[in-house]
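In what comes next, chain A is part of two complexes: it sits with chain B in the first one and with chain C in the second one.
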Partner chain A sequence: MARTRRIVKAATGTALAVLLAGCSGAGSGDGAGKDDGHSMAIATAAEVPYLNPSNDNGTTGIQIESALWAPLTRVDAKTGKLVNVVADSVTSKDAKTWTIKIKPGWKFTNGEKLTAKSFVDTWNYTAYAPHAFANNGAFQRVEGYEDLNPAKGKPKATTLSGLKVVDDLTFTVTLKGAFSPYPTTLSYLGVAALSAETLKDPDQFKHKPIGYGAYKLDGGWKAGQPVRLMRNKDYAGKDAPQADHITFRFFSNPETAYNEFLAGNVDYVAVPSSKIDSYKTDAPGKWSQAKAAAGINYLNLPVTLKPYTDTRVRRALSLALDRDSLAKLKPGNFPATSFTAPSVDGHRENTCSDCRLDVARAKKLLREAGGFPGKLRLFFASDNPGEQVYAEALGNMWRQKLGLKIQYVGKPGAEIGPLANAGKLDGIRIMGWGHDYPALEDYLTPMFASYGDVNTGRYRDAKVDRMLGEANAQVDQAQATRDYQAIEDRIAEQMPVLPLSHSRDVYLHAEGVEPLNAPFANVDPVRSTFAD
Partner chain B sequence: MSDTALATAATAAELEPVGEDSPRGAAVLRELLRKPRFVLSALAILVIALMAAFPRLFTATDPTVCDLKLSKGAPSAAHWFGYDIQGCDYYANVIYGARPSVLVSVSVCVVGFAVACVLGMLAGYFPGFVDSLVSRTADVLFALPGLVAMIVILQAFSSRSVWTIAFVIVLLGWPAGMRLMRSTVLSVRTREYVLASRALGAGAQHILRVHILPNSVAPLLAMTTLTVGAAVGTEAALTFLGIGLQPPTISWGLQIAIAASYRDDVHLFLFPALLLTITVMAFMITGDTVRDALDPKLKR
Partner chain C sequence: MLRFALRRLLIMIPIAVIVTFLVYAMVFALPGDPIRALSGQKPLAESVIAAKRAYYHLNDPLFVQYLHFMGNLLKGDLGQTFDGQDIGEQLALRWPVTLQLGLTALAIQLVLGLVSGVYAGWRRDGLVDRALLGATLGVLAVPGLVAMFFAQSFFAVELSWFPVSGATDGWPGSYLLPATVLGVLGFAGLARVTRTSIAEVASADFVRTARAKGLAPNRILWGHVLRNAMLPVITYIGLDLAGILGGAIITEGIYNLNGIGQFMFRSIAMKEGGVVVTLSTVLLLGYMLVNLVVDLLYGLLDPRVRHV
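What follows is the complex of A and B.
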C-alpha cells in the first residue's frame, strides 16, 4: 500500500532545504526578462527530476509546482484564515460528505477547461495503487480508498466510490468517516488537478507541466537544468505574485547557494547551519527571520527494535539532551517542549515533560530499564557539514552523560530517506516535519498514526489510532482541538520521537526583494514583493 | 671484458662506501646528517611520530571531554588552541589528530613499497607473460583518474577506517613504484655480475635476492619516502571531501573539513592545517634529501 504522502520539510534537519534566489532585474546571471518587469532566480537545494504535483512530495518540487498550479483553498499567511482559491465553496452538513464547487473561468495552459471532472479524474488516478503516485495517501480518508489500495493482490476498483461529479463545476467527496478539518487539507497542492491530456500518459508530461497557476514554463525544460517560468496571462486567480519571471536554480550544496548570494548571483537564500556566526556580517541589512515557526525538528527512534522498545530508554535519551545548547547550533532555532509547531492553532508549550535536561533522572530510568546494550547508531547526512556537527553534539551528550557507546553512520542525505521508508534504519535519525496544512492533526497523523507518512520508526499504538479517528470525526472545532491535545498528551508519555527544536528560519534577501513572511506560514519567496 | 667487470663489481662490494650502483647505508646517513634541511625535517617527523604514538606526552586533557556550552571558544592561556564546535579542548584534539595521518602514511609507505618492489622485480626479471600481466594491470590502474577512483571505491565501504583508506591509496598507487622498480631491474639484470651468477648456475630466487634487489632498490626507496607526504595529504583530502575517515575518529582532515564550513572561527582552521602542512613538508623534504643521498646520479 503506497501511503507515502508529502515528505518531511527538513528531512536532514537543516534549515529549510529550499534555497531561494530572487533577482529584481539587475545583477542576475539570468537573461530572462531583464527589461520587462520583475524577475527572480530561485535556487533550490535538491534537484527536481520532474514536475507533477500529484506525484511529488518533496519541498522543492511542491514549491515550483505551487507556481505552476493553484490549490483549491489556501491558509492566508497573514491572517491564518482559510480562503478559497480555485474552490468557490467547500461545504458539508455532516463533515462526512463534502460538496466542492469550483470557480468558473479557470483553464489549463493547453486550453482545456478546469472542471469538476478534472479533479475527480486526477484524484482517481493518484489514488490507484498501481500508478504509484507519491500523493496517493492524500486520499486515504475517501470512501473506497481500500478498494484501490488493497493490502495484497490486485485492486478491486479503479475509481474511488466516494467521488462523484455533480455538474461541470461541482463534485462531492464522501469520506470514510466524519472529518471536520477537510477543507483545510484541500490547501495541499498534492490534490491539484492534472489536465486530461496529461492523465492519458503522465510520463510524456514529466517535463512539460500543464497547470493552471500564476506561471507557466518559459521555453522547454530538461531535468537538471534550471526551471524558467513566466507569467501565465490566463491565470484566473486574484492572488498572482508580483514577479513576472521566476527561475529556479539547483545547488546541491547549501553553502554554494549561500556563496552565490554573497556574489550577487542569487537574491534569496536560506542560511545554512554552518553560517550561523557569519550571516549577519556577511550580509548586513539583508537578513531576516521567518515570523512563523512552522515545523518541528526531532529524532526518530526505531521503536520496534531493542532497546528502543522500552519507554524508559526513550525517556532517558530525551532527558540527557541539553536542548538549549543544541538549538544554538542552528540558525533561528529554539528548544522544543512539545510535539507540534508553535504556528499552529491549538499548539501548547511544555506538553513534553521529558524534553528537559535532567541527567540524574535519565540515568535512573536507564538503569531501571537495564542499560543500553551495544552501540547506539546515529544516522546523519554526510554531505551536510552542519548535520555532522549536530550528530556529534547529540552523540557527545549521550556518551558523556549516560555513558553510551555511539556509532555515527554517515550517508548521503538522499540515501537516508529511502532507507527509512523501507524500514531499514536500525538507529536514530535526525528529522524535521513541517505541516502541509496548518492543523494539529497534520502533526499527529503523519508522525504518530500507525499509517503515518513520516512514522518511519514504525510506532504503533492502537489507542492513538482510535483517538485520532474520534477527533477527526468531531464537528465541534474546539472539542476537536481538545481531543487532539489529549492525543499529544498520550504521545508525551510514550516518547516515540524526541522533540528537539522549532525554527524560525533565517534567510538572506537582496535589497528591494521582500519574500512573503507572515505569522501563519513558512517564508515564501515566490510571493515576494518588489520595492520598485 | 666480462672478467674485468666481475672484478670491479667484487672490489666495489669490498670497498665501501662507493658501490657501483648505489652508496651504502652508513655513508648515506653521514651525508644526510650533514644537511640541516634533513636534520630539521627529521626532527619534525620524530615529534609528529611521538605525537601519534604517545599523545599523552603532549597533553593531559582527554580530547573527548566536551561541553557544547563552550562551543567555538577562543584560544586562551589554559586552552592554547581554544575549543572546537563541540566544546572540546582543541589542542588535545589536534594532538590526537596526528595518529590517523601517521598511521595512513606509514602503512601506505611500507605496504606500497613491498608491493611495488616485489611486482617490479618480477615484471623486470621475467619478461613475457609475468611482465605483461603486471605491466598491463598497472596500465589499467594508471588510466584511472586517481582521486575520482578512490572516491568511487571508498563509496563501497559502509564504514571507513584508517586501514580502508590506506588500502585504497596503495591499490591505486603501486603502479608508479612498480614501473620504477621494473625499469631499474631491467637495467640491472643484464649486468655482467648477474650474467656471471646465472652462468655459474644460480637460481632466479638467489639472483633476485642477492644481486638484483640490493642493486636496484635505491630509486624506489627514494621515491617511497617522497610518497609518504603525499599519502598524508591524500588522507586529509579524502576525509575533507567526506568520504575518508568518519567521526568519532579524530583527524586533521575531519577538523579542517568542519572548519572550512565554519570558516569564521579562524583558530579551528589554522591549527590542524598548520600541523598538516608541517607534516607533509617534513616528509617531503626528508624524502627529497634521502633521494639525493641514495641516488647520486640525480644530484646536480
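What follows is the complex of A and C.
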C-alpha cells in the first residue's frame, strides 16, 4: 500500500507542522467587505520551489497555497465540525460511493470556471504515477488507483475508474472500500483543483499559480524571492481573511526570522527552539501559545519481541514514567492522557489509564510478568538536538524506578526510519505522529491497524482491524465517532505504544495582528484578524 | 609568460574532471535517500518515488549517474533540483548575491588590512602597531558566528542602522553589514602578514642603503619596501578569497541572503549531487584562476620568479 502519511519525529523540538485543512477556521471577520489596507508579512522556514497544491505536501507551501486556493471542506476552528467551502454537499449512502456537489459561481484567476471536471481532471493528473506529483497518495483510496500506480511496469490507465463527472457541478467518487471520514479528507488542500490551462503544462505555471482562493499573486515571483499576495476580488467564498496584502518571507535560519520580528519587519514568526528561554522577555505582550495541539508524541514498542509481548511489561513501563517532568524538557509540551490529538473532533482525555505515575503498581505488574531480562534498548535520533537528553531522562526513570538496565542507541534519524520500517528495531523508539486530516481515524489506522503506516512496532490485533473496518463503513458520522472511540478503549487495555505528550506551538505576532488560534485548527497567520 | 598561463589553464582540465568526480562520489556516499528526504515529514507514494528515481537516474550506478550529469552539463543543461527548481535559473539569481557580498567583504578587508598593516609595519612598535596587535588578537578570538549574530541584533535590530536580513534593499544597503562583519573578521590575518612583511623588508640592507643615501622615507616605502613586501601578502589574499566564499555559507544563512552559499548548503543536505558538483566546479575554477593571477603577479613584482 502506498504511503502518504506524515511522520513527525517526536523530539525535534519543533512543533508539529501546520498542514491540511485544519489550518484554517471559519471566517473571522468580514475582511472582504472593507478595504483599509491591512497588510502583513509572515516569516516561514522553508523556501518553496513552486506553488502548486497538487504537487506540494510541505508545510510552508501548503500554507501559501491555502491563500491562493480554497479547500472543498474545512474543519471549523472553533467547533471542530466539518463545514463546506467549495463543496456544496458531500454525501454517500454506503460510505463507498460519494457524490460531491460544488457551489456555482467559482472562477479561477484566469477566468476559467471551476467545475466538477476541473476536480476530476486534476485528480486524474495527480494520481498518474509518471507525473510524480507529491499528492499522488491522496487518491490511493479511490477505485482504479493501482492501474495508475502499478507496483511494477507501466500504468494501465491514465484516469481513475472511480471518478465520474455527473454534470457541471457534480461528480462522484467511488472508493475501494467504505470510508466514513472521507469528507474530512477533502479538507486537505492537496485535493484542490488546477485550471485546465495549468494542466496542459504544469511546468509553465510553477511560478504563476492560477487558483480560486481569497488571494492572488501581486506581481511576478521567482523561487527564492518573497511571495507577495493581494486580495482576489473575484473570490466566491464567504470566509475571506481580513488582510489585504500578505507577504511570505523565507528564512533558512530561524534565528534570523526571529530578529526580523524583533526589528518590526515581520508580523508573524514561530519561536525557534533556541529562543525558548528568552522569547517572553524579548517580545513581551507579543507572544501566544497555540490553543490546538495537533499531534502526539509517544514511545513505539516492538510488541512482537520478548519481553514486550507481555501487556503487563508495557503497562509497567508506562506507569513508571513521570510525564510532567518529561514534558518540561520540550518547549510547549504537556502530558498526554490518551492516544489521539486534542485538536481532533471526538478526542477524549484520560482514555489511557496507565498514562500516570504509579511506581508501586508498575513494580507489581513487572514482578508478575517475571521482570525485564537483559537490557532495554532505547533508540533516539542523534541528529535531533535535545533528543539525547530526552532519551536519558526516559532511561533514568526506568532505571531508578524499576531497576532496569538501559542501553541507549543513538543513530541519525535517516537511519532509524528505514530500520523501523523494515521491522528491525529491537527496542523502544521515540516517535511522533500528526494527522493528515483531523479525524480520530487518522490516529487509529496509521498507528494501530496491522497495516498501519507508522505501526513499526508490528502491533497486530484482529479485533482492532475488524472494528476499524466497521467504523469506516459507518455512514452516520456520530455513530462512527463512537465506534472509533471504542477502538481507542480497546487499545488502551493493550498499550502497544506509550503516549507521552502533545505540544502547542509558541509564536510571536505583531501588535494588532491576531493570527487564527482556536482549539481545532493549527495557528494560521493567513487568517489573522486586525485590531483597528 | 603566455606559455606558462596556457600550461596552467590546460592543467585545470584534468583537475576539474577528477574533482567533479570526487565531489559527486562524496555526495553520493552521504547517508539517506534524497527522494525520500524530499518531502521530509510526509513520505511520497511509492509509485511517485519510483517515477522520480527514474527521472533523476538514481537507480543507476554512481559512474553512470556521473556520466549522465556530465553529458547534460556539456550540453549546457544543468537540469532540475529534486524539488523541481531550474538549476540554471537559480544560479543566475544567486551568483550576483554571493559575488556582491564576497567582493564587498574583500574590498573592506583589503582596505582595512593593507592600510593598518603597512602603517604598523613601517612604524614598528609605535602606537598603531601595538593597537593593531591588540585589535587583531581580539578579532581572531571572536568566533565568526557570534560576531554575525551580535552585529545583526545590535546594529540592525537595536539601532536599526541596517536591514536585519535579506537582499531586497540591493547593493550596498543589504550587503554593508554582513560584508563589514566578514571584512573585519578577515582583516586580522591580512594585517598581520602585511605588517610582518613590511617590517622585515624595512630592515633589509637595501632599505638601509636607501636611507643612507638620503632618499625620502615616503619614496623608500612606496617605491622599494612595498613592492618587495607584497609577495607573501598577495599569496595570502589569494588563499583568503576561498575563505570568504566558504564563510559565505554561514553569512548568507544568518543574513538570509539568497546566494550560492545557501544553495550549496541546501543541496548538500538534500544530496543534490549535480548541484554540489556544479557549484564546487565553478568555485574550484575560480580559485584556480585567482591563483594563476597570483602567480603571474609574482613575476611582475619580483623578476627573479618571472615565468618563462
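A few comments on the model shown:
Methods note: the second predicted complex is superposed on the first by the 313 of 532 C-alpha atoms of A that agree within 3 Å, B and C clash if a C-alpha of one lies under 4 Å from a C-alpha of the other, contacts with A are read in each partner's own complex, and residues count from 1 in each chain.
Keep this in mind: a contact is a pair of C-beta atoms (placed from the backbone, for glycine too) under 8 Å apart; a residue touches a chain by one contact, two chains touch by 3 or more.
These numbers were taken from a predicted model, which means no experiment stands behind them.
When both complexes are overlaid on chain A, the residue A:Glu255 reaches chain B and chain C alike. Once the two complexes are laid over each other on the shared chain, residue contacts for A:Ser274 go to chain B alone; chain C is not touched. Of the two partner chains placed by the overlay, only chain B lies in contact with A:Asn396; chain C stays clear of it. Contact with chain C, but none with chain B, is seen for A:Thr59 once the two complexes are overlaid on the shared chain.
In the superposition on chain A, A:Phe133 contacts chain C only, with no contact to chain B. Applying the stated contact rule after C-alpha superposition, one finds that A:Pro385 touches chain B and leaves chain C untouched.
With both structures placed on the common chain, the touch criterion links A:Gly237 to neither chain B nor chain C. In the superposition on chain A, A:Gly410 makes contact with chain B only, not with chain C.
Contact with chain B, but none with chain C, is seen for A:Leu326 once the two complexes are overlaid on the shared chain.
Residues common to the contacts of chain A with chain B and with chain C across the two structures: 255.
Touching chain B in their complex are the following residues of chain A: 255, 274, 277-278, 281, 322, 325-326, 328-329, 382-383, 385-386, 388-389, 391-393, 395-397, 399-400, 406, 408-410. Across the complex, chain A is touched by residues 64-66, 68-69, 71-72, 85-86, 88, 158-159, 242-243, 246-248, 257-258, 260-265 of chain B. Note for the complex: chain C touches chain A at residues 31-32, 37, 39-48, 50-52, 55, 81, 83-85, 89-90, 93-94, 149, 152-153, 156-157, 160, 163-166, 168, 253-256, 258, 262, 265-266. Residues 2-8, 17, 19, 47, 49-50, 55, 57-59, 129-134, 136-137, 140, 148-151, 206, 222-226, 249-253, 255-257, 259-260, 262-263, 265, 412, 414-415, 434, 436 of chain A are the ones that touch chain C when the two sit in their complex.
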